[in-house]
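Look for chain A in each of the two complexes below; its partner is chain B in the first and chain C in the second.
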Partner chain A sequence: MERTDLMELKKAIDLGFRLFSRKYGDAIESFFDPLLFFLVRLEKLLLATPWPIIILVVAILAWLGSRSWKLVAGSAVAFMLIGYFGMWEDTMATVAIITVCTILCIAVGIPIGVLMSKSDRTEKTILPILDMMQTIPSFVYLVPILMLLGIGKVPGLIAVCIYALPPVVRLTNLGIREVDKETLEACDSYGATPFQKLTTVQIPLSLPTIFAGVNQTIMMALAMVVIASMIGVKGLGVPILRAISNQYLALGLMNGLAIVALAIIFDRITQQYGKRMQKHRGIQQK
Partner chain B sequence: MEKIKLNNVFKIFGNNAAKILPMVERGATKEEILEQTGHTVGLDNVSLTIQEGETFVCMGLSGSGKSTLIRHINRLIDPTSGEIFVEGTNVMELDKKKLIQFRRHKMSMVFQRFGLFPHKTVIENVAYGLEVQKINLNERNKTAMEKIEAVGLNGFEHQYPNQLSGGMQQRVGLARALATNTNIMLMDEAFSALDPLIRSDMQKQLLDLQSELKKTIVFITHDLDESLRLGDHIGILNDGKLVQVGTPLDIIMNPADDYVKAFVKDVNRVKIIKAKVIMISPEQFESNEEKNPNTVKVSEESFLEEFLPQVCCSPTTVEVVDKKGDIRGYITHNQLSSALTKSDLTL
Partner chain C sequence: MKYLKIFPPSLAIILIGLSSVFFSAQANAECGKVVIASQNWASAELMAEVDKVILENGYGCEVELIPGSTMPTFTSMDEKGAPDMNPEQWANAVYTPLIKAVDEGRLVIANKAPIGGLGEGWWITPGTIELHPEIKGMTAVEILEHPEWFPDKEDPSKGAFHGCPAGWGCQLVNANLFRAFDMEKKGWVLVDPGSAAGLDGSIAKAAESGNPWLGYYWNPTSIVGKYDLQPVPWGVDFIGRDHWDNCIVKPEQECADPKPSAWTHSEVNSIITAEFAERGGSDIVSYIGARTYPGTVMNGMLVWMGDNQAGGSDAAIEFLNNHEDVWSTWVSSSVVDKIKSAL
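Entry: the complex of A and B
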């Protein structure tokens, strides 16, 4: 293609998208308002709650998930250290966005995964999209999101979700497809409707796999925190960004370690929970 | 009464089954079809009738199409062509909703690898057929407990399937099939995955249950002894074709072709032939034979092996009696010896 033509093409695309965002940007933004409302509320709640209560809640969650005193003690100590080193507020902001993002990914991802498992054609259409979402450099999709929604919490949340959504979709699809064929024949032969089959057998049996997907989604969302902070998401990413531009080694290191601590705590709790789910149901011996 | 009827059922597996059908109808063999078109013939012109209250055993080696056949009866598999009637209803004409109702109320199924739900307890598994019918929890648990007791699993109702042995798991499968109280039971190699002792136990349990319940059972197996023990009628499948249908004795005494002959070659007849099959009527006996003072009473349902030791070594008269104790007929040494030696026993 000629250089001038190429320039024209790029210009045309840019102009087109700009027009699109000028026309529909506000509508799209207001569509995401409930999400923003929920995110802001959660963040305020987390910040307003006295720290001992937050630590207690984390400890209880750790116990419910893993039944391991070590993990409970480890999580409590990690959160105390985070508070001691003055990163409490940023951590709460990060926890809030990760929570909202995970809920959103589960709400969107599991239905998509179910649809994919139902038909090979849907699977073939959606898989390349998932591949793209995971491999395309995140800065590339930050541009259109910024043009549409500007800087703020919602565009950050969407950016995080784009990156974090694929695992839960993939593993839901995989989990449901892996359910034993004879078990499904049993459902059919007793006259279960497709919906009954899904809710009584397919989803319960694939829960451990789906849970592995949720775990991955949380991990990937945490990994996106720094990039999301570039477009206005508060949290542990902000001081890291400052540390990069000003070469503050200690600041970067401390906040980085706080992210690692969060990641390890979330990972262990969800993983142990997933494992216990399998042991109880006795699927792993199959 | 005819319970299940299949008319000229063909099943061809592959992308273009309808196009291949005329070839199969013209009589091309399974190998030819596979070689020329890549399609697999599952069933080749199968027609059969199953009477109410009988156990129909469908036997064949693996790949002969027996599992495909049983799945046509509740339409887990749709035929390429042919008609299937259950209690007079043309199953092929049922829409989705009616098919679901049909499966819920007309028949239940037992699977080779049990097909239990690993995330549900025994009682939840047994109650599954009632759960999908949206029957309330109390009622379905009550029914499920009755069936769990019927198969002798009380005390295990809150265990998960993989905490149980294979035999116990299949009892759960059996209880689940009984719980919906359907008239027809489909059993797909139900006992094939069990070890021989437990298999024999399960066969006995099924016979006991059947003598009370009088369901119509379609039983799939590759084991001749099992089919002879359980079946009122046996159908033998080879490469998707039904090569012979008959009573166990028919099959043993008059095998239709070499395939069936190979099957029945090593059969132990004393284990299969029942007293009532070889007895002669009292009138016939009295006109021809002298009654020996040394008499033995045997039940009409007992197998030769059960009374052979008592009667073979000394001259005896064998009286065959029914459940009430009335004499139904006699067995003489002539009958005994012909049943054990000749292959063309006249019935």
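Entry: the complex of A and C
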């Protein structure tokens, strides 16, 4: 391509997007307002709640998920250490965005996964999109997100979700496709409608796999915390960015370890929960 | 035998080459070879390239540009006497060593302000003025009484003030000024944009959609030019170097009681080595001294560079072609003619 043509093309793309965001930016922004409202509320709630209650809630969740005293004690101690080292507020902000992101990804991802499992053609169209979402460098889509939504929580959340959504979609698809053919035959012979088949047989049987997807989504969302902080999301990423640009070793290490602690706690709880589901249903883990 | 056959023509070529070097050296006797630092940001690149064109065509120098950056370039000029010139030296970064080098006769400040309208500070988008015309001419102190003009996205009852990304020096300054002006009590929140891209993005978003925006930025930059950001006058005086250096620029725990202050004066110089000042002669030194880019012209050039994704050399030609009124005052009329004929 000629140099001038190439430049014209780049300029045209930039201009086109700018016009688009000028025209629809506000509409798109107000579309996401409920999400922002929810996110702000959740963060305020987490911050306003006294820390012993939060730790208690975490411990209860850990118990419900894993039924393991070790994990309960470990989570409580980790959160206490986070508070002791003065990272409580940032951690709560991070927990809030991870929670909302996970809920959003589940709400969007599971239906897409179900659709994909129903038709090979849908699967073939969606798979490359998922590949792209996972591999495209996040800095590339930060620019259009910034132009459309500015800085703050919602654009950060979207950036995180773009990266964290694929696992739950993939594993939902996989889980439903792997449901035993004979079980499905039995359903059909009893005259179950497709909807009944999906909600009472396919989804319940594939729940452990779906849960593995949710687990991966949470892990990937946590990995994106620092990137999200680059567009104005409060949380553990902010001190890490500060540490990078000032070479503060201790600050970076402490906040990095706090993210690791969160990741391990979330990971163990969800994984144990997934395993227990499998045990309960009498399915051997492969 | 083969060598002998080849020898005469190659000798001739060498002789021709030598003589051309000799003759051009004769022609350039007054200037010679000049090494200019081309630092790695747009305005510095542009200035280096413009200097190259003007010195080569107007004064018969032979100019070489070498890449540079604030600290390495300064250190090299101070210690080694090379490169010969740095067109855009940010002086605050090298305050003490620069004074020392000038006192000891190693470096010469050839131009104390090569770019007009320069500095860091607080800016508003034009959309702000459209929505609240009364803001025109208001000082920062007065604007801070109206947080409701700049509603924060996440808590619309508060006003959003956009500070610097975490880790920048100005982040501490803005945080301290935020406390000094008692902004929290007045109903403001200090927004951390997270990164340079975040800060630029928040301005682009607000300016594109005509929304109000108040925050930190600096000039000369293409952002200021492109979105026509308006500087906010402070309404207070600069508090003085002592308080600024010992409190305002320090982390919060080392600055218990910050006082309201205007932003410190940013100084950019064109510096040359003493050796080049002598070798180049008074004509060249007076050219460098006269060479001041008005702020609006510089911003316009930076916008043009951004829009066309152009480098310094293209931008220098663009500048010389379109802003003759500016650069023709820097040099004598005979030099103007020489440069124009070369373009």
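As a convention for this text, the second predicted complex is superposed on the first by the 284 of 286 C-alpha atoms of A that agree within 3 Å, B and C clash if a C-alpha of one lies under 4 Å from a C-alpha of the other, contacts with A are read in each partner's own complex, and residues count from 1 in each chain.
Going forward, a residue touches a chain if its C-beta (ideal position, glycine included) is under 8 Å from a C-beta of that chain, and two chains touch if they have at least 3 such contacts.
Every value quoted in this text rests on a predicted model; they were computed, and no experiment measured them.
Taken together in the superposed arrangement on chain A, chain B and chain C fit without clashing. Contacts of A:K124 after superposition on the shared chain: neither chain B nor chain C is touched. With both structures placed on the common chain, the touch criterion links A:G232 to chain C but leaves chain B unconnected. In the superposition on chain A, contact is made by A:A186 with chain B only, not with chain C. Angle at the C-alpha centre of chain A formed with the centres of chain B and chain C, after superposition on chain A: 150°, rounded to the nearest 10.
Of the two partner chains placed around the shared chain by superposition, chain C is the only one that A:V143 touches, whereas chain B remains out of contact. Legend: residue contacts after superposition of the two complexes on their common chain; A:T200 is shown touching chain B, with no touch to chain C. Touched residues of chain A, counted separately for chain B and chain C, are more numerous for C. Between chain B and chain C, the shortest distance over C-alpha atoms in the superposed arrangement works out to 45 Å. Touched by chain B in one complex and by chain C in the other is not one residue of chain A.
Within the complex, the chain C residues that touch chain A are 153-155, 165-168, 191-195, 197-198, 200-202, 204-206, 208-209, 307-309. In the complex of the two chains, the chain A residues touching chain C come out as 7, 10-11, 18, 21-22, 25-26, 36, 40, 139, 142-143, 146-153, 229-234, 237-239, 241-246. Taken together, the chain B residues at the contact with chain A in this complex read 71, 74, 76, 100-105, 107-109, 111-119, 128-129, 131-133, 160-163, 176, 180, 186. Residue ranges of chain A in contact with chain B, taken from their complex: 180, 182-183, 185-193, 196, 200-201, 204-205, 281-283, 285-286.
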